[in-house]
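See below for the structure under consideration.
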Amino acid sequence: MKRKIALLLCAAMFAGLFAGCGSKSASSETADKGVVNVYNWGEYIDTSLVDQFEKETGIKVNYKTFESNEQMYSVLKQGGVSYDVIIPSDYMISRLIQEDMLEPLDYTKIPNYSLIQDDLKGMDFDPQNQYSVPYMWGTVGIIYDPTKVGEVDSWGAMFDEKNSGKILMFDNSRDAMGIALKYLGYSLNTTDQTQLAEAAALLEKQKPLLQGYVMDEIFDKMESGEAAIGAYYAGDYLTMHESNPNLKFCIPKEGSNVFVDSMCVLKGAQNKDNAEAFINFMTGTEQSKKNAEFIGYTSPNKEVKDRMDLDELAMSVRYPDAAKLAKCESFINLPQETLDYYDSMWVKLKS
Amino acid sequence: MKKKNTGGMLMTVLMYIFLYAPIIIMIVFSFNDSKSRTIWAGFTLRWYQELFRDDLIMSSLQTTIAVSVLASLISAVVGTYAAIGLFNMKKNWRKPLLTVNNIPVVNADIITGVSLALLFVSAGRLMGFELGFGTLLLAHISFDIPYVILSVMPKLYQLDQNLFEAAQDLGCTWFQTINKVIIPGIMPGIVNGLLIAFTMSLDDFVISYFTAGSSVQTLSMTIYAMTRRRISPKINAISTLIFAVVLLLLLVVNAREARQHKLELKKENTLKGAA
Amino acid sequence: MNEAPTLARDRGGVLSRWQRQAFAWPYMFWMAIFVVVPIALIAVYAFTNAQHQFTIDNFAGMTDYAGVFGRSLWLAFVATVVCLLLGYPVALAISRTDPKTQRILLMLIMLPMWINFLLRTYAWMSILENTGLLNRLFNAIGLISLVNRVGAHVSAGYTPIDHFQLINTGGAVVLGMVYNYLPFMILPIESVIVKIDPFVIEAAQDLGADGHTVFRKVILPLSLSGVISGITMVFVPAVSTFVISKLLSSGTVMLLGDLIEMQFTGAAYNPHLGAAISLIMMFIVVLCMSIMNKFGEGEEQAVVM
């Protein structure tokens, strides 16, 4: 009798095992409207839009987040994952295009693409408009608490010994190097070995002054007053400001980085139609407005700006004045040799 | 001997405070009426209410429980039979096999995780599958089985070897001997192994992190993603609930075992008395 | 239901040793795939480059990371020593209570393991931060202003502090390790001490040994196997952790685990280098363990608590 029970138990377990697998494959292929696997930056969507999309289309969204372009790239490279929509930044998109990791989009399925600002179409990273639909754009700047570090208008404050122990720095090589290069007066996209080495040395010198290398951890640390100055994306400043009204934001006088994060579809995506439906949905005016208001970044949708009913601060961070913007530079993809230098420099810096 | 206890006992008490301080803080802040981790803003139960409406937390809890239950049960069955087989081997076979068996136990989690990910990704490329619930489960089983074997083995050694012969002399087949004599005899070891395996699966983060892929997420992975920004008090709430359930279970089990223990002692005493 | 035994008895009833061993075959197959092959893969990755060619370049640049190796080994060593110094007396004290108390005390040590370790470590962040609970407590009881007053007395150039630097230090990382792995030290030691035959201790006492001598000559040597498995169980996870350091040092104290994670799913993708570092770490761990095992044979009961 016992043997029978044991057998039954085994059978039940194996049934469970296959049910587990079955439900997974069912959800990824054969369910009513299927699914779409989205891979986005952390804290980078109004989640009610995901619910709304699921409700309207019947497509289930599997939503996962990454912390930086480089980390996303590692996960994709390592393989074994199947994301449909990814939302990297400009320079990473051109790298992915070069390495043939993106699927060309069918723009007839994304009618809302016509709502995108014209100057954000055909940008350097995707000159032919084949692979990407802009999601948000914005600038990088310094978020600081003037009661603790005084007024700030230069990247110099990030390297100032008097702020020692209060500084938060980007935890990814491209953004961190970008700051050092800009402070030194070089281009963000330099491939000049001596300039790069100079910037790397500056970061090395900065390390003992830092409270930490962070990405989204910066929200908590700036909001609670744990840190007093940090470089991060402009839009996120607005979120932090809600919790800690002391905080101010500036785009340093040396100039900064202006970025465009765009939605792309990965090569061989299993749910390409759903992915395009998702991209189209997110590009719609109402959704873009809601999303931009929630996350604080600037929507590329040209109808959004006039419909926003926000205070001056919120608008000035989202739409910085042209003079400041003119000093900002976009990242472009770098040659392999320079990329390798970034990687090894970064590992050495952090170790 | 008793007189030396005070110093050690004091240290023990301090150690328990050390061990439980963060947990108490976690529990207290699950009732905090603000998202702050350090500033108390009044009592609320809203995190407990919101918890059950949070799809991400609920689905990752489901995944965690499904993986832990399946992995520990499968490991208990496979591990028990494997232990019996290993037990019957000659020492010069058993020893190296047990060493291999120990690898996932003593190896660093990160290496186990990374190496399994390499295996799954390369096998997936050949055979056309992706990381997901299946690979997560396989990974958990493969680090759970060694714990079952390690906890069953000593019980096999403790079994009276004459029992096997007696059972067979009485006409039992080997299968009967195993199911009616050996398995009941080593049951405490199996249950212990199952519990250890379940705990290991439930608490695992590192190996899951490398083997789960894009479609599933365990509770630890959800928590890790949250540490990137801020842990939602909802997570404190769910952990408080899990903690309460486990505490309750342990109390029940403990009470039962204590009773059994007492019964056994009584039996022994009466036997001794009879002798 | 009754057919199977009859058939079996007809065949002689008793399985040969060979057949009895067969119960382990499926698992041997399993181990080959899920234990041996993955480690072989690590080795393959470590000795190849992205173009699948054999190379030892991955090891050549390893000196760059000597600092990380040194730091990881040092912090893990400190954490292990602290665990041993804290854990042994506690294990001894627990083993001397009556069985019922002992059961409860052991249960209380295992209980925290049911709360996700990320969450417990995260709670330490709230405690240790510059604006965290401890610093706030120090402020409230006037400890920080006291230190400032003393400091101002001692030297004129003293800059007043508004907090103690607790988090983002090597010390915080060690604390996280000790906190997470202390139970792994206590449990094996306790389980060994408890098994020491009380008659042995009595005999020693009868022969005139005092408490100290009993401990040094009887209990300590007999508990050595527990100590060794405890050390292994603390040192290995401590040297390879990548989350504790991330949470308690904000990425400023990089350990081997962080370095490996960075190469696989982190910010500098290079699985070949990651595999090479993993291989060296494995080598160090095996080396440490074989040295440890020279001192006693704690292997088999190591993990069974």
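Letters A, B and C mark the chains as written, and numbering starts fresh at 1 in each.
The definition used in the following text is that a contact is a pair of C-beta atoms (placed from the backbone, for glycine too) under 8 Å apart; a residue touches a chain by one contact, two chains touch by 3 or more.
Remember, predicted model here, so these are calculated numbers, not experimental data.
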item: Touching groups left behind when subunit A is ignored (all other chains fixed); value: one piece
item: Chain whose Cα centroid lies at the greatest distance from that of subunit B; value: A
item: Separation of mean Cα positions, subunit C and subunit B [Å, integer]; value: 16
item: Euclidean distance of C-alpha centroids - subunit A vs subunit C, Å; value: 35
item: Two or more partner chains touched - positions in subunit C; value: 129, 131, 264-265, 271
item: Residues of subunit B whose C-beta touches two or more other chains; value: 37-38, 117, 175, 227
item: Per-residue multi-chain contacts in subunit A, two or more chains; value: 78, 217, 224
item: Complex contact set, residues of subunit C against subunit A; value: 1, 61, 64-65, 67-68, 129-131, 165, 168, 249-252, 254, 258-259, 262-271
item: Subunit B residues within the subunit C interface of the complex; value: 1-2, 4-5, 7-9, 11-12, 15-16, 18-23, 25-26, 29, 37-38, 78-79, 81-86, 88-89, 93, 97-98, 100-112, 114-119, 122, 138, 142, 145-147, 150-151, 153-154, 168, 171-176, 192, 196, 199, 202-203, 205-206, 209-210, 219-220, 223-224, 227, 231, 235-236, 239, 242-243, 246-247, 250, 254, 257-258, 261
item: In the complex, subunit B residues that touch subunit A; value: 36-38, 66, 70, 73-74, 77, 117, 120-121, 124-125, 130-135, 137, 175, 179-180, 213-217, 225, 227-230
item: In the complex, subunit A residues that touch subunit C; value: 1, 4, 68, 70-71, 73-75, 77-78, 165, 168, 171-173, 207, 210-214, 217, 221, 224-226, 343-344, 346-348, 350-351
item: Sites on subunit A touched by subunit B in the complex; value: 2-3, 6, 9-10, 13, 16-17, 20-21, 24, 27-28, 37, 39, 42-43, 62, 64-65, 67, 78-83, 215-217, 219-220, 224
